[in-house]
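Read through the structures below before going on.
Here subunit A shows up in two complexes: once beside subunit B, once beside subunit C.
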Partner chain A sequence: MVHSCAKCQQRATVYDVGGSKCDFCFQQAIIHNFKTTISRKGLAQFGDSVGVAASGGYSSQALVDLLGRSLFEREDGKTSRMKLKVTLFHIDFESPLHSSNSNIEVIQSLAAKYSFRLCTARDNHSCQQLWRETFERIAWKDFKDTSDFEELSRILVYRMIAFLAQSQGCKIVFDGLSAHSVCRNILTSISSGNGFAIPFEVSPADISGRFFDVAIHHPQYDITDRQLMRYVWIRKIDFVAPNLTLSRLTASVDSLTMSFLKDLEEQHRSTIPNILRTSSKVAVPLQFSYCSFCRVPVGSNGKLVSPLTWKIHDKKDNEEKVVTRLCKACQHRQRRMSMETFQLFLSSLMAFDKALEYKEDYG
Partner chain B sequence: MPKVELQFSGGLESLTGGNKVVKVNFSGEQVVLEKVIEWIRTSLIKEKHEYFVQGEHVRPGILVLINDVDWELEGKTSYVIQEGDCITFISTLHGG
Partner chain C sequence: MKRLCSHCEKAFANILVGREDKYLCRCCFYEYFEDTVHQTIVEECLLQPGERVAIGASGGKDSTVLAYVLKILNERYCYNWDLWLLSVDEGIHGYRDDSLRTVEQNRDDYKLPLYIVSYNELYDWTMDQVVSQIGRKSNCTFCGVFRRQALDRGAEKIQANVLATGHNADDIAETVLLNLLRGDHARFSRSVMEENGSYRTTDESVFNKIRRVKPLKQVYEKEIVMYAYFKKLKYFATECIYAPFAYRGHAREYLKSLERMRPHSISDILYSLSCISLNKEESKTRVAQQCIRCGSISSQTICKACQFKTSLDRGQGVLAVKRSGMCSLSKQTTQCCSESAERVSQYEADSNDAASSS
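The block that comes next holds the complex of A and B.
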């Protein structure tokens, strides 16, 4: 039996929510969703300088291609009215989790197609310094499982992206978080005791101010993993895939949660929309502060830890006592690491945040 | 004996020894996709089977395409493979 496209009645090739579609109509639907999110949620305005967090994975590659097509194409063949100055930001340090060299080539190829600039962390002194002080110095034996590797990577990477964006005059960054990733973040926030963060996780616009002047938005927040991968496949876009022989499905809270979501979705197709819809009903708190470690917004359950003495990186090399606040997840993280490792990370991250806040160099 | 091309992507190629494309001849007249999946699980993938299958079914989160068409539109596991078919398995379990 041949299925027809719900829109144009041509042969359907993509099984999609809202009716099966042909390749062309599916792509048009994704582009429309993408552009609508940017305009309705106010993620960027005409003429803005926008950064894109480009890891080389299928989600961020889809983001780059969607942005490129949104800026240069229109269905009626006329020039697009969306005008943004786009720079891609890529963290190209090697870590035990990532192979960096192949990532950059796939990103460069797509960046060249749309004449987007590419800026990497290795070219930035401050990012290099942060990397040297954290990932290159920690004792990996201190970590109990890959959850901490992944989460620390993410904590570092987002800060570096914000720093790179600021250095290039971008106050807005788009990341490739999909609907599944947003839902995973919501569920892991709940399970780790960070329910306070839900309204910030579910919002496509960054309303937290966690990275000071730089806002990291999620324009693909209601496009599913399946749709993004399907889009990338139809467009024949190269992407970097993980080496599954080096990982375990049960190794981290993130991968367990994602696996749970996909299992549930197999039986209940509305799982993802339901999580997004329900989470969006949680009111945004009026007052909050930030976890000193991961910068997630925290309310009254963020524990104040003992004052931490650390040297700020100024010309006079002064010592300053600072009081740090940790979210529930970072409190658990602290217990899983050696105190030395945790303090190393914490002091470097806080100093980096200070440099980010005051637009100074770090290190 | 239909000869088909199996493609693996999204990280699944790391489970097939780095081979993104595998060409196979299946014996028998009416070979259904279920048999192909069983063959992949038992003969092609040597480790980390849990990334490909969950019990006897393809793991949720893996896209299956038959000649670049979603398998849901082609009858899923009951699809009878034809000579020259291209079956693609793509994992979406690790985002990017």
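The block that comes next holds the complex of A and C.
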């Protein structure tokens, strides 16, 4: 039985929630969704300098392509009304989770196609210094599973992206988080004791101010992984596949949650919209602070989390007392890691945040 | 390799309390478990001295352990609680009849009075009959609503002040995930408000609503199983025969996988619940009113149990769980008010006679 596109009656190739669509109408629907999110949620204004966190995965490659088409293409041949100055940011340090060489090639080709600037972390002294002080010095035996490793990578990467964006004059960064990734983050936040952060996770706009002047938005928060993968396939965009040897089903909380969501979605199609809709009913708290380690908003139903005093060693090996606030997840993380490793991370991250806040160089 | 108990450091440890990463011997584990329950009761003022407490007893591990622990705490701290076992017979052949035998065993072992309420007496329907009409897909919806009202009615009959149920931390965490995954933001909001202690219906004292408490809410299911195992408590361990098809199974599966990786996940979910605040529209509590048919407390003119019963009587049970069917059903239900009000009053008269004679 041949299905027809619900819009143009051509032969349908994509069977989506909104009905069968041909390749062209499917792409138009995705672009329309993308542009509508940016305009309705106020993610960027006319003439803004926007950064894009490009990892080389299918999600961020789709984001770059969508942004490029939104800026340069229109059906009637006129130039688009969206006017943004786009810079791509890529963290190209080597880690067991990914090799940066193949990532940079796929990003460079797409950046060249739309004449976007590409800025890498290796070219930034402060990011290099942070990487050297943290990832290159930690003892891998400290990590009992890949969950902590993935989470620490994410904590570092987001900070470096914010720093790179600030150094290039971008106050807005677009992230390639899809609807599935947002739901995964919501579930992992709840299960790690960070339920307070739900309204910040579900919002496409960054309303937390966690990276000071830089806001990291998620314009693809309404687009599912399946749609993004389909889009990338139709457009023949190169991307780097995740390292499957490290991402076994139960290797980390993130992979467990993602596989659970995808399995559940097979049986109950409305799972992802349900989670997004229910989470959006949670109120944005008026009073909160930030976790000193991961910069997640912390609080408890109107109350602030009690601060903790730590003794950490600065670069000159002088011991000093610092007051920190840790979210529940980081408190558990601190118990799982050695004190030395945790303090190393904490001191470096706090110093980096200070540099980010006051727009100084780090190291 | 044998380890010493983290608490007393004298005996060898028998159990790992995963969420606190402690190895405990049997005696220290009993103390830890009973202290956790007692702390929950005291900190949240769940039970007052001298109250009559109806314990929802299904014969399963949770209710058996709850009855046992409440009895111990009652004797240890002299709270003078008047403990009763309250059991519901849903009429599930091959499941409930066996578990009721276990409840009767508990009655004899712990020397607590037992009162049994059955769906057949209250609603003229057993769960087997309900499932034969509506199939296996939404039967938990019917059973849950009927059981809730049955427990309330049973507690009223024995003139209890409080109804204690054996819901543990795993159950509450599953419910939170279940409501989030299904998009049931009304129930999600209520569970948030309950955890925050802000869920109160208005005019509670006017309707003499019996309080519902969960003394085991801070205790993990694994700890309950180990407690029952070490204490050699007798309980009925078979799952409800209609349960495998429930949506809750998905949330449970995810939670168990998560617990294997991070044992503290369940208590973290409960902690997350206490941190969440709701939008003003979601946090409005419902006004309690009495069902015009059976007199039980409801947020609507006619309670859900009466609506479900009417739908079953008319052979339209499937419509009752569909939103589109509810509009037509609610109109039909109001027409049956007078007939069932007579039968309820007859049931109440019979039950009063039974209670006074016992």
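Assume the second predicted complex is superposed on the first by the 341 of 363 C-alpha atoms of A that agree within 3 Å, B and C clash if a C-alpha of one lies under 4 Å from a C-alpha of the other, contacts with A are read in each partner's own complex, and residues count from 1 in each chain.
As a working rule, a residue touches a chain if its C-beta (ideal position, glycine included) is under 8 Å from a C-beta of that chain, and two chains touch if they have at least 3 such contacts.
Note that the coordinates shown come from a computational prediction; the quantities given were computed from them, not determined experimentally.
In the superposition on chain A, no contact is made by A:Ser208 with either subunit B or subunit C.
Once the two complexes are laid over each other on the shared chain, residue contacts for A:Gly176 go to subunit B alone; subunit C is not touched. Of the two partner chains placed by the overlay, only subunit C lies in contact with A:Ala283; subunit B stays clear of it. Of the two partner chains, subunit C is the only one that A:Pro273 touches; subunit B does not reach it. In the superposed model, A:Ser167 makes contact with neither subunit B nor subunit C. In the superposition on chain A, A:Thr37 makes contact with neither subunit B nor subunit C. Of the two partner chains placed around the shared chain by superposition, subunit B is the only one that A:Met258 touches, whereas subunit C remains out of contact. Shared contact residues of subunit A with subunit B and subunit C: none. Residues 3, 12-15, 20, 55-61, 176-178, 180-181, 225-226, 228-230, 233-234, 239-245, 247, 249, 255, 258-259, 262-263, 265-266 of subunit A are the ones that touch subunit B when the two sit in their complex. Chain contact summary for the complex, subunit A toward subunit C: residues 145, 147, 186-187, 189-196, 198, 250, 253, 256-257, 260, 264, 268, 270-271, 273-275, 277-279, 281-283, 285, 299-302, 328, 332, 335. Interface of subunit C with subunit A (complex): residues 21, 176-177, 179-185, 188-189, 196, 247, 250, 253-254, 257-258, 260-262, 264-265, 268-269, 271-280, 282. The residues of subunit B lying in touch with subunit A in their complex are 9-15, 47-48, 50-51, 54, 59-61, 63, 65, 68-70, 72-73, 88, 90-96.
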